[in-house]
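The structures come next, written out as structure tokens.
Shared between the two complexes below is chain A, which pairs with chain B and chain C, respectively.
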Partner chain A sequence: MVIKRSTYIKYLFLFLSPAIVLIVIFKLYPLIQNIIYAIVNDDGHITFRYLNDTLHDPAFWNSSWVTIKFAVITVFFEMVIGFIFALLLNASFRGRKIMRTIFLIPWALPTAIMAVGWKFLFQQSYGPIPWLLYWLKLTKSPPYFLSDPKMSFIAILIADIWKTVPFVALLILAGLQAIPHELYESMDIDGASGWGKMIYLTIPLLIPTFIVTLMFRFLEAFGVFDLIWVLTQGGPGNATMALSPYIYKKTFMWMEIHGGAATATFTALYIIIIILLIQYIRNTLKRRYGTT
Partner chain B sequence: MKKLSLFLLVAFVLTLFSMGAAFAKDITLTFLIGPDSTGIFHKEVALFEKKNPGIKIKLVEGPHSTNDRYQMFVTASMSKKSPYDIVWADIIWIPPLAQKGWLLPISDYVDVNKLYAENFKATVDGSIWDGKIYRVPAMSDAGLIYYRKDILEKAGVKPPRTFKEFFQVAQKLQDPKNGLWGFVYQGKQYEGLVCFYLEWLWGNGGYYYDPVTRKVGVDSPQAIEATQMLVDTIHKYKITPPDVLSFQEEESRMFFESGKAVFLRNWPYVWVLSQSDEMSKVKGKVGVMPEFYAEGQHPYATQGGWGVAISKFIEKDKVDAAIKFALFMNSYEAQKLAFMVNGWDVARRDIYYDPEVLKKNPFFKELRVILENTRWRPATPIWPKLSDIMSRYLTKAMTQQMTPEEANKKMAEEARKAVAEFWNK
Partner chain C sequence: MMNRNFKIYLGVGLMALYCLFPIYFLVLYSFEPSEAAYHSPPVFYPIAFTFSNYTGVFKSIPLARYALNSIIVATSATFLTLLFGSMAAYGVSVLKFRGRDLFLNSLILLGFFPAATMIFPIYKMFSDINLLNNYLALILPYTVGGLPLTTWVMATYFENIPKDLLDAASVDGLSIGGTYAKIMIPLSLPALSTVAILDFIAFWNEFIYALTFMPDSNMRTVTVGISLISGRFTYQYPWGQIIAAALMVTIPLVIMVFVAQEKIISGLTAGAVKG
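Right after this comes the complex of A and B.
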């Protein structure tokens, strides 16, 4: 059956319309409204004061730095650990299915709830982690994870990595299983070592998966809110104040609505930059390997 | 055909009924409160509804955290709607909300002089912003010191009054190795820490921000000294466990009630609980006194407290009912009920002279004096930001990332910037 082009387009829009409507209402409209808040003052005049103030706000730069540090470190560890776990789960052993299910539990937990759990684990007076470190004689006294700036940053890193490794591993596992088995067999015939198979077959063929995962994780890490809000509320001082909690605090606690919107606008800019960057990497790799 | 006409008739009658019901409908007001764990709000509302047929109050129980409830009200007001017609409002909410125009000024409906005559001055003062009143006070609150009477008596020492005496006594009486610390307070980075610190700051002759002159004074030698004392509780005198950095009201109360501290800074609600809680190990062993202060100064208590405020976006025909309810919450009857059920330190003075009240809680006699001598946090719309700045740098000093001098200088610098930004709009 041949479908006329106009009919095709009609159906295309019909099927896409639920998604389009939702995206317009819940993504596009708030985004535009946010930009309006950022550049229009209470009297209805256009002003760049709020954007300018944000650029001169040390707390904004601090939050940017915290967010970038958080995103780069967590995503790096999640990719490495997630890759190792994916390889382990891809190997055949008894009880593999059950292991895969159990492994996913941290990721399935709502962040706020798992953050409350970590808060208990990190608490100095009764929490198991500080006392374990102390009993193992790794520290002189049980460390204060949540009231020391460096330690609390480490605490949110640990909690986030713990939660997200399963997700990353799952994506990579899917990529691993998509690699045709014949390729391994032919490499076996050529007499390749296990390491050789890894370097010349597994990793190059996983690059598309890596890039998608990287993009997912970076964007998510950039918007981190619930974990930090429950665990440290951005404190002590501003040590764990990432951009999203900072925007929230500015807008809803200090009621600097325009200032908060301006900060959110810059955060959106960051995210656009990341997407462009990843696209660039993707294109470069495409030229080199011809994949993706 | 017959069936259809019967159906139409029934439908018509039903429509008439429902319209009639709509015309005679009660006025329903929504009231945003915290979790009503003791049921006091439900009791107050039942009493009010009995006396005022035709008005219904629908309680909306928000989260426990006052910050979260504040944000609920802020978000609703931003969209210029009133899902909450009336709100149980903290004293520090009034300037920022009133300045934004999100609360209904009630000066035309209530007699301010009468409120002043009947309630503690600070509770009414705190309801006023820019010459208009926005809230009917219901509950007062003030920081004070609880101490272990039995331990002090056994050691033969009188309750300390000045900072110097206090540090000596606390150091002498504590025994941290056996789990008895000298002093606990609200040390987490949040509003509670600021309330406590302000008491020491004022008691040491300093001040944070004067809303009249718009001056910030928190880098004065007295203020730096106050921060030093706060840091010293943990690091020099070691009378406070470092874990205090994660304590809010409840953590410090439980610490004290489990018999692990000699002194506690908290709000009046602790008294009733410490004497009635099943878990409490300090029943009959607790004394109460005003805050400590420097030689030649006065003790100060930070004023807290709650009242009933009305949303600016309430429907016009509901305003009278809302006012009625707000005033009811301040009536003798309602206030006494609040005391009887919850032990609240209510806003009305005469409750504190009621023989029945004094019999149930003799401590109200001392509390009366403390409540007359409170100070309130600077009344300014930017208070949430000033408070955030203060708690942030206090935490930096308490965790020794900064010296008290550096912390207070930075605090003053940022506060001055915030003040200038606000007024140069």
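Right after this comes the complex of A and C.
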């Protein structure tokens, strides 16, 4: 296209400005404003008190630990089960189309609404899941899911894994289907076994997909809020109080604006560290294998 | 030895069981009388059958109003995010400019920060300009939330539209704006409808903003409205009604998934495979 430079700039500005203005107001400004709340007190003086208090707040470290445990465990199980499901979906069978629809249902259900459903399913004395475990002789009595710290942590793990495995499986399936068929055929000629093909072909070629999925999932799991807020409110005690619900409780229920902002600032720092770490891993793999 | 087909169908059966078992119990209890939720031990198969939960919930909470709120917010935000996202994508992939990678990457990176880390400044801003309890208080943040995915998918799609077409358009005297509106948008309807579905589902399901920016109970969206119904204590929860309401508001999503599963899967995986 032959156009004048000034017209071009005018149009570029026109097309990009709505997105840029909205991002500045609703992403960049709040992130920066939060840091300001964290380091400037009500009199307008700079202070490190709030950041320092957060670093000495056992509840903050508890929440960090809960969040890391939650993200690592859920993402691990989602990847493993998701990989198995993806392999199954990649096989040919009757009813594949229906199966894929069934697969999208857990993903499409609103997390907050399903959390209400899980609250019912996990109820002590009336809930189907504790009784199912008891009748299958997996536990001595119907376990108290939501009043026991360990069990309520397991409850949020189950609810999150249940919802996200199908989504992860679909991402891995897309990666599987991108592997050229000829590669399998040439390994067949070489007489490779099923496991051989899996270990030397499928898994190495899926590494880029695994890493991207891992990154998206881990960052998302790190911000977990809806599920915990509705299912356990962070309790019992602080057993399931991840960082997002902790920030929310501090800011909106205890009205500790500065303390909440300091916690949010450290949480944002965690996110930056995770992104850098994943980028570092990607680059290392790229240098070693020339892919990703 | 087990034959291969049998193993696959066994695996597929287990997958279906995995996806459907919690939903089975919810559907079961939604048709049982409300006391059934307090049977101990619980029921595992239908005993009675009643629609009373489905009709009763409309008397307990303004569910129709919540649904209207959700529809208004999710539809408007979907429209805006498609408009602004496709415009930005056009800027990135057709007009091209220095710093386009920086623009796309910061769009995606900013999307990774949890809503909880930025919600208070937005709440304060809305409260200062009296925008709380206004549909815009959700429409605007949702629009921004949809931008990374929308821009990403649309930019990839635009890149694959043949350049000859754009040249022909400019020979025909179409301006840059005209090319966008008359050539690019009609050509990208498949991609636009894919992201529209993904964005709509995401906005319908959003929780933390809807919980915070709509303190008036009449302005709640279905997601917040249903998750906040409760009796004073857990043992007074109207479980049957809550579950019936939860199922009713997810039916539109299930239909969408059923009709557009191919589109949804291609949209979801577009980012991950290329990423």
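Just so we're on the same page, the second predicted complex is superposed on the first by the 273 of 292 C-alpha atoms of A that agree within 3 Å, B and C clash if a C-alpha of one lies under 4 Å from a C-alpha of the other, contacts with A are read in each partner's own complex, and residues count from 1 in each chain.
Keep in mind that, in the parts below, a contact is a pair of C-beta atoms (placed from the backbone, for glycine too) under 8 Å apart; a residue touches a chain by one contact, two chains touch by 3 or more.
Owing to the predicted nature of the structure, the values given are computational and were not obtained by experimental measurement.
> Between chain B and chain C, point out the one touching more chain A residues.
Larger number of chain A residues touched: C.
> For A:S125, select first, second, both or neither according to whether it touches chain B, chain C, the two together, or no partner.
Both partners, chain B and chain C.
> Identify the partner contact of A:N238: answer first if only chain B is touched, second if only chain C is, both if each is, neither if none is.
A:N238 sits against chain B, while chain C stays out of touch.
> Is A:W229 touching anything from chain B or chain C once the two structures are fitted on A? First, second, both or neither.
second
> When the two structures are overlaid on chain A, which partner does A:I105 contact: first (chain B), second (chain C), both, or neither?
The second partner, chain C, only.
> In the overlaid three-chain picture, which partner chain does A:L31 touch, first (chain B) or second (chain C), both, or neither?
second
> May I ask you to decide whether A:P149 touches chain B, chain C, both, or neither, giving the answer as first, second, both or neither?
first
> In the superposed arrangement, does A:I257 touch chain B (first), chain C (second), both or neither?
After superposition on chain A, A:I257 lies in contact with both partners, chain B and chain C.
> Can you pull the chain A residues that chain B and chain C both touch?
123, 125, 252, 257
> If we count contacts the way the header does, which residues on chain B are in touch with chain A in the complex?
67, 70-71, 74-75, 78, 96, 100, 189-190, 241-243, 245-246, 381-382, 384-385, 388, 392-393, 395-396, 399, 401, 421
> Over in the complex, which chain C residues touch chain A? Could you list them?
5, 8-9, 11-12, 15-16, 18-20, 22-23, 25-26, 29, 37-42, 44, 83-85, 87-88, 90-91, 95, 97, 103, 106-107, 109-123, 140-141, 143-144, 147, 151, 166-167, 170, 176-177, 180, 201, 204-205, 207-208, 211-212, 222-224, 226-227, 234, 237, 239, 242-243, 246, 249-250, 253-254, 256-258, 261, 264-265, 268-269, 271-273, 275
> Touching chain C in the complex: which residues of chain A?
For this pair, the touching residues of chain A are 1-3, 7-8, 11-12, 14-16, 18-20, 22-23, 25-31, 33-34, 37, 84-85, 88-89, 91, 93, 95, 97, 99-106, 108-118, 120-121, 123, 125-128, 131-132, 142, 162, 165-167, 170-171, 173-175, 178, 208-209, 212-213, 216, 219, 222-223, 225-226, 229-230, 243-245, 247-248, 251-252, 257, 260-261, 264-265, 267-268, 271, 275.
> Provide the residue numbers of chain A that touch chain B in the complex, in ascending order.
53, 123-125, 144, 146-149, 233, 235-238, 249, 252-257
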